[in-house]
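Structures given as structure tokens follow.
Next, two complexes with subunit A in common: one pairs it with subunit B, the other with subunit C.
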Partner chain A sequence: MMRKKTSSIYQWIKIYFHGMKTSLASRMAYRGDFFMSMIIMMVVELFGPLVTLLIYHNGASFPGWERHEVLLLQGTFLLSRGIAFPFFMGMVWNTIRRVQEGTYDLLLIKPRSILQMSIITAFDSEDLGKLIGGLLLFFYALKSVPALPLVNWGVFLLLFVFSLITMFAFGLFMTGLGIVWVGNYRIYEIFISTMDFGLYPRSIFTKVFQSIITWVIPISLLGSFPASALLGKEMTGVFGAMACSIGFLLLGLWFFHRMARNYTSAGG
Partner chain B sequence: MSIIKVDKLTKTFTTYERGGTFREALKSLIIRKKKIVEALKAVSFEIGEGELIGFLGPNGAGKSTTLKILTGILYPTSGSVEIMGYVPWKDRRKYVANIGAVFGQKSQLLFDIPPLDSFLLNQSIYNIPEQTFRKTMKEMVEMLDLEKIVRKPTRQLSLGERMKCEFIMAMLHQPKIVFLDEPTIGLDVIAKGKIREFILEQNKKGTTFILTTHDLEDVEHLARRVIVVNHGEIVFDNTMDRLRMHLGNKKSVRVTTHNPLSSLNQPGILIRKLHSDREAEFELDLSRLKLNEFIKRLNEESVISDMSIENLEIETIIKDLYGREV
Partner chain C sequence: MGVNYLDNRAKIYASSDFGDEPFHSLLREETTVQAVSETPVHKKAKPVFRAVIQATYKENFAFRSNMAVSLIVQPIYFLVQYFIWRAVFQVHDTVSGFTFQTMLYYFAVSSLLGFLNWDDTDGTLQRLVQNGKFITFQLRPIHHLYYAFFQKVGHRILAFWIEMVPIIGFYLLFGIKPIPAMPLWAIISVALSFILAFLINHTIGTMAFWLVKTDGIRRAVLVFKDICSGIFVPLTLFPGGIQKVLFFLPFQFISYVPARVFMGSYELAGFTLSIPAIVGLQALMVLITYLLNRLVWFFGIKRFTGVGA
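What follows is the complex of A and B.
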């Protein structure tokens, strides 16, 4: 049983890397566009932190957070986005586009789970620019932070995994909606706007809003909680947010599969 | 032995009606009129192992819906389907590992990279052992004359070359059943011929094919049995020979005479086209008028200068079946 499970995980990873290689080869067929897109993505991602620098430059601040701490939070947030977008969030666009064109059928005739096929065929190399931007900002901010205990790094890594889980759950909801709500690209914009609350420390929001982004949609796990863990700041409600993240993932999986069942295909 | 069993298969869709005028479009933003469409109405049939079936029907008849249910893409509203012991929509992952599909209007190849890279991706997805993969690919590439093609980017290939690669893509995992949806659409006669040859060759090896097409030449060249659907129901299910006899023992005749045609207005003759008073095309019903008697009389009255007699075109029969109200 265990062996079978390991073998199927190995298969999953093997297919994923093959899909990634194929997608990269496709994108690299147009070299100029490949590099330009990555650079543009990286620059666009750094706009948010630029606003933070302006705020601090003008004497204002986020209460309880130093400039380099906010940058570290935003670096964490961008890092999470930089991993999620190229490696699995592409499933949202992939699904919306394929459902609209009628080529989603081609994924359903493959002997793999529809979720796996949606991810394999959606690796987005352009979004690697987001990852580079996230890494640059994270390490730039880290330079101003004194040496951190190992335990902080451990908790940070754990919470970072939870931030990816939350991102993945978001992706599942949007992909599910994309299956039944044909051609609705606004879903994506709503998601981006909602997610942007994760760019700022949780403490700057009202108590009610803090509860929402902790207990209902755990956006605070995208940047605020992992950065707080790394900096040794207070993390009230972190266990609730982690539980909420798991719940969000399970609900997302259920929702995705429910919507996939309702797929009607395009006319033939 | 039946490899596909379909029993009372029904599929209904909910669509929304919208008028053509701006006022109606505006109204539909708030109130939409629901419409239930019965795409399939209790369709039943069986297909044996190794058969090559032509699955025909006019646009919107329900053939694509049937195909999508049989390939596990759609869930039916009711009825049962059992293919190789699987229920397609319940055991989808295990089931689709044993089938292949070629969609003439939807490509499985990746546009910017060579077909070979797409084949390799399929090897991973289907978990095809390296040796089997190389052997099958080599055989198919040789059979379809694609040796120099598979390493070129797909976007540089002609439609015919691309379609041949689609076949390899669909058959690398050696499926037992292959669904073909308009596989020769837009192809020239040479490419069509090559693809038909390939299908027949694979069918000889035991692969079952279900061919959906509007190209009746494909059906005449390939299918031994034909299922015709119209308005969500099966209106014909029998052999090609029976299909040819469907409208009775009739012949298609074209004649040119030296003198004006005078004896065409009689029972058993249906004039299709009168080119001039000395040239005509018509259908001859042999159950009402014997061929030798007809030729003798025509020659005596008008003096035949040229004549061709052929079986009734399959297109005429299909048109009749499509035109019938169920």
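What follows is the complex of A and C.
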């Protein structure tokens, strides 16, 4: 039984790498544009904290947060996004495009689950620039932080995994929407704008919004909680957010499969 | 063959909404003699600009839910900005000359300008060049520049009703009334920013004649343009040295200048100009960008082969 499971994961990874290779090969047809896009993605990510930098440059601040602490929070957020976008978030775009063209059927007839196929065929190589940008910002911010206890790193890593789970759940909701809301590429915008709440310290929001981004849509897990763990700041409601993240994932999986059943194959 | 071709075209046009009058007349001629005697055969065709505006409006009306996504997205963006600045102004009365209320007003106006000025001319032109379909524009009785401009007009008229009006209603909930301090100058400035944003995008799209696929460069310019035009933050928040550079770039005229005209005062990089003076500079920048566009087009079009890629 165990052996069968290991073999299945191995197969999954093997197919995923195959998808990565194919995606890279096709993108290399316009390699000049590819490298430029990747560099641009990286630079764009570095502009993420622009507002923060300008606020602190003008002598203002977010109450209770130093400049480097906010940068670390935003670096964490961008790192999480940098992993999510190239490796699995492409399923949203992939699904919307295929549903619109009516070629989603090609994934349905493959001998793998539809979710697996949606991810495998959606590796977005140029979004690796986001990952590089996120890493650069994270380590730049980390330079200004004094040595941190190992336990902080441990909690940070755990919460970072939860931030990826939340990202994946977001992806599932967007992909599900993409199946029924035919041809609407602006679904991404809804997701990106909502995520903006995670780019700033949780404490700047009102109590009601803090509750929403902790216990309803756990956006605070994307940056605020992992960065607070690393910096040793208070994390009221973190366990609730973690539980909510799991619930969000399960709901996302249910929603995706429910929407996949509504696929009409008609295009749009 | 020629007759069949005309006949088919007549049927296509008659069943469509394009309203090509000469072909409608041709069909009517075939039906009854009575109809011919009642209908003038040589009815004047619609002006091209009106036809393009109408066609774009109708075409995009079918995808109005795409536009309506802004009604979810923009309030979220605005709420994030609201909370950021609310937190900042809790400990400071002013930041770079802005109070909490003027900052919100600035964001509201610049977001409305963003809706009004948005276009995908660069992307559309690039795709036309990439797949070779641009060749049809070499046969049309209208230059691509004007065709694309009127497409933008049609598209943005629709956006006005679907995106802008409800969002103005949303801003009113926060007590923000986007009423300009000097209405006439504001209208002129907004119109100039509309043209300038289009000309910049069209010039970027022209790069496709050299590069074929321009996603990377378009994305780069888009980010650079958004930052330098003051969509994210008022340009006076930037360090002094950067403000001086921004003052001489055309991008401030897309968002920052019209937003400041709405507010009734202009200041950047230590330069304080009257509203007529800055709007005059804006007009000059539109002219310069137009000439630059023509120059780039002149060299670019020579490289077009029509083969596609």
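Annotations for the structure displayed:
By definition in this document, the second predicted complex is superposed on the first by the 266 of 268 C-alpha atoms of A that agree within 3 Å, B and C clash if a C-alpha of one lies under 4 Å from a C-alpha of the other, contacts with A are read in each partner's own complex, and residues count from 1 in each chain.
Note that contacts are C-beta pairs under 8 Å (C-beta built on N, C-alpha and C of every residue); 3 or more make two chains touch, one makes a residue touch a chain.
Bear in mind that the values here come from a model prediction, so they are computed numbers and not experimental data.
Superposition note: with subunit A as the common reference, subunit B and subunit C can be accommodated side by side.
With both structures placed on the common chain, the touch criterion links A:106 to subunit B but leaves subunit C unconnected. In the superposed model, A:261 makes contact with subunit B only, not with subunit C. Put subunit B and subunit C next to each other and count what each touches on subunit A; the higher total goes to C. Contacts of A:25 after superposition: subunit B is touched, whereas subunit C is not reached. Judged by the touch definition given at the top, the superposed model places A:55 against subunit C, while subunit B stays out of reach.
By the touch criterion stated above, A:36 is placed in contact with subunit C alone, subunit B being left untouched.
Once the two complexes are overlaid on the shared chain, A:14 sits against subunit B while remaining clear of subunit C. Aligning both complexes on chain A leaves subunit B and subunit C separated at their closest CA atoms by 7 Å. Shared interface residues of subunit A (contacting subunit B in one complex, subunit C in the other): 30. Chain contact summary for the complex, subunit A toward subunit C: residues 30, 32-37, 39-41, 43-44, 47, 50-51, 54-55, 57-63, 181, 183-187, 189-190, 193-194, 196-197, 199-200, 203-206, 209. Those residues of subunit C that touch subunit A in the complex are listed here as 63, 65-66, 69-70, 72-73, 76-77, 80, 83-84, 86-88, 90-92, 95-96, 211-217, 219-220, 223, 227, 232-233, 237-239.
Those residues of subunit B lying in contact with subunit A across their complex are 13, 63-65, 67-68, 71-75, 92-94, 96-97, 99, 101, 103, 106, 108, 110-113, 117-118, 120-121, 124-127, 153, 181. The part of subunit A that touches subunit B in the complex is made up of residues 11, 14-15, 18-19, 22, 25-27, 29-30, 102-103, 105-106, 108-113, 117, 120, 261, 263-265, 267-268.
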